Amino acid sequence: MAGFDKRVYSYEEAMDGIESGMTVIAGGFGLCGIPENLISEIKRRAVKDLTIYSNNCGVDGFGLGLLLEGRQISRIFASYVGENALFEQQMLNDEIEVVLTPQGTLAEKMRAGGAGIPAFYTATGYGTPIGEGKEVREFNGRHYILEESVVGDFAIVKGWKADRYGNVVYRDTAQNFNPMAATAGKITVVEVEEIVEPGELRPDQIHTPGIYVDRIIQGTFEKRIEKRTVREG
Amino acid sequence: MAGFDKRVYSYEEAMDGIESGMTVIAGGFGLCGIPENLISEIKRRAVKDLTIYSNNCGVDGFGLGLLLEGRQISRIFASYVGENALFEQQMLNDEIEVVLTPQGTLAEKMRAGGAGIPAFYTATGYGTPIGEGKEVREFNGRHYILEESVVGDFAIVKGWKADRYGNVVYRDTAQNFNPMAATAGKITVVEVEEIVEPGELRPDQIHTPGIYVDRIIQGTFEKRIEKRTVREG
Amino acid sequence: MALTREQMAQRVARELEDGFYVNLGIGIPTLVANYIPDGIDVMLQSENGLLGMGRYPTEAEVDPDMINAGKETVTARPGAAIFSSAESFAMIRGGHVDLTVLGAFEVDQQGNIASWMIPGKLIKGMGGAMDLVAGAENIICTMTHASKHGESKLLEKCSLPLTGAGCINRVLTDLAYLEIKDGAFILKERAPGVSVEEIVEKTAGKLIVPDHVPEMTFDA
Amino acid sequence: MALTREQMAQRVARELEDGFYVNLGIGIPTLVANYIPDGIDVMLQSENGLLGMGRYPTEAEVDPDMINAGKETVTARPGAAIFSSAESFAMIRGGHVDLTVLGAFEVDQQGNIASWMIPGKLIKGMGGAMDLVAGAENIICTMTHASKHGESKLLEKCSLPLTGAGCINRVLTDLAYLEIKDGAFILKERAPGVSVEEIVEKTAGKLIVPDHVPEMTFDA
């Protein structure tokens, strides 16, 4: 009865099937809660011409920044990309197409994609360059624009704990975009810090039910901190 | 610093401000996880002409069935209302307007209402009586209908535990419609089995963040079972 | 002989595959859970918000906070997940459920299904059925082939209000197992002792009958 | 004298009310947290998914899984809630945040705001700002009244690409506190020692000046 055992034991296996030209949806905010080893595996495979949906694009040399080094990304939907010199250069050289997307709209596009909702209306971006070319409609006297949802060929996700059925919990603000990303991949791969036995996670406290998850891998993580701000102890 | 202490100590206070003609969004599925004491308080107040959004309408003499007895509901959006003889009678007498709404669409209407999304597309109901009169649009070769979201004057919710800031967790399948209902009330009232100290609930395991909640009350519950099915022990 | 309810459930259960997430409707579909083949594990989804539905509880286990979509008390198996109804229908509408089994009043050769409303009779509501048929790519309808009065329920065009349009691809009746494709029913199997002629006679919609139509077999 | 950054934060903090859920943008808005008046409790929302943001961590408390929307390490106060970014923007878009404070390049008399993009300069992105201005009913913009070259940033019509249309109702600059209503800025207070004339001169948009414009006061 291997049916629900979604564990894989190598990153090669975890990203099996990824190809050039695919769309990849990534969890993470800044460098927090990013699927760092899955990204490294995509780098290793040197697939090209990827379309990425991710709130940010990592930093030089870490996270999705690695895929910039390899010139593997041709298009990215993100809300904020200002942390990365290589990114800037590729954008100015037109090597990469950047579709700036408001953070909440990006989150909702993933959530809607996973939930079988092809499009939704939001006031976010109405009257701004983001709304240009999009349908505008009034509801109750207010203007909204139509935004379409997204489903990726792959979703790459970083969890905290999971069981082998693919039920996942996230820790603290490392949750961020991960739960929505997990719903929006044709193939969803989750790397976690710890795999526990089915039943160890309280059923009503699971963030991502296993039905969304195709592969689970246990990894070790650098968890680089982008801005270390401290106060006197 | 009473700012975030949302506790109230009587059901009268909990439902303060409810008036005839208002729209009330209720959590619960069947008789599971229903805000039974808040419903009783609405019955006691004898407000009339209510519009209710709830998956079901209780049973004779319990849950929202109590409001039928008082002829307090003039319109209900629900997915399934077949458990209730009084309901049947009022429907046949045209005393109550029933807007049958697919269960997933009902859940999403509440979720979208709370999330500032005025409308969304769904394939559910396309080509059926539910889709009649609604806008149809094609996305990627498939047909979808446009559904509008809802915000109620009140949302009434049943939680398991909450802190005084209004952070709520639900227990097992008593979760059901409660988290979405909680987001979709101009005034959201949550009754729970236990109020705990802030910090006792793990922050990343809270189902309903306190920002959605206006009033919290601790109650005792009958928790009637609709269909007791058992196997030999 | 027409299939019994139990045989219908047994036959449907053969369509299960290891690792399937399955939503079983009320009635015959519910019985399918009793006939899951050996060596196959499926996870039952209950649309109120439970993935990994277990058996009915013992008297001691009964918990009013643990019910299924039929409002029956149930248990959760180890490794279950419980969530809101919005999340539950996100997975249904988003096509994450592998197989849905539900009853119907009528099905037609275009894959339309009518299962929730008989005009003039009291309307109880569609519950989650419209979301399920719109969201699943893989649906099996279970129903009697014809009414008590012998009127076919496999039609050219449904006469009752639809639950979903063009979404059904498999039907198991008490007489036959059929697929729906390109505007026709295709007869795949017949119940033991039921003749092709009887099925032809009781199918009002366009029916394609292959040269050989195997008979279903059941363990005694 | 023009207000310092700290004074601007102090002045904004006076707009806080007990029980407010507040989202503070990067820069001066962040400093507001240092000036929350006695007797008032506010809950800070960080749009990556944190309600009840606490202080910066001590060296020992630093946790890479605990950051704010500025990607800084933070802590959560007791009674905080942490959730997904979809949930976070549900509460923002749905109008559940009581007050948003954010910086801007330009604001105009129609309540339009430009804060995220200067054509010809590198574009870093809008982050959550467009959702915040579209979702909040109550927004305070903090900005300098004019550029270094003396060009007004309070305009008849924004010249830069907008972040949001018709959504700003209050502006605190280094020179004045203003409200926006019916297509005009209304001068409500002036910085200590700053004359009404200077504010009039540095405001390009339509400005309504009441008979009496009180001077802000700050503790020494």
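So that you can tell them apart, the chains are marked A, B, C and D in the order they are listed, and the count of residues begins at 1 in each.
Operating definition for what follows: contacts are C-beta pairs under 8 Å (C-beta built on N, C-alpha and C of every residue); 3 or more make two chains touch, one makes a residue touch a chain.
Everything quoted here is computed from the prediction, not taken from an experiment.
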If each step moves to a chain the current one touches, what is the fewest number of steps from subunit B to subunit C? 1
Which chain pair is joined by more contacting C-beta pairs, B-D or A-D? A-D
Select the chain at the greatest separation from subunit B, using centres from the mean of Cα atoms. D
Distance between the centres, which are taken as Cα means, of subunit D and subunit C, whole angstrom: 56
Quick one: report the Å distance separating subunit A from subunit D, using the average Cα coordinate of each chain. 29
List the centre-to-centre spacing of subunit A and subunit B in whole Å, with centres computed as mean CA coordinates. 32
Separation of subunit B from subunit D, taking each centre as the mean of its C-alpha atoms, in whole Å: 35
Residue list for subunit B, restricted to those that touch at least two other chains: 108, 111, 115-117, 122-123, 171-172, 175, 203-204
Subunit C residues counted as touching two or more neighbouring chains: 50, 76, 82-83, 89, 92-93, 134-135
Which chains touch which? A-B, A-C, A-D, B-C, B-D
Within their complex, state which residues of subunit B touch subunit C. 29-33, 55, 78-83, 88, 91-92, 98, 100, 102-105, 107-108, 110-111, 122-130, 143, 160, 171-180, 207, 223-233
Residue numbers of subunit D touching subunit A in their complex, please. 46-50, 55-60, 62-68, 70-74, 76, 82-86, 88-89, 92-93, 112, 117, 122-131, 134-135, 161-166
Residues of subunit D defined as touching subunit B within the complex: 17-21, 39-43, 45, 50-52, 76, 78-83, 87, 89-97, 134-135
Per the touch rule, the subunit B residues reaching subunit D in their complex are 1-4, 111, 113-117, 163-165, 167, 183, 197-199, 203-204, 206, 209-212
Please name which positions on subunit B make contact with subunit A in the complex. 108, 112, 115-123, 137, 139-140, 142, 144, 148, 169-172, 175, 203-205
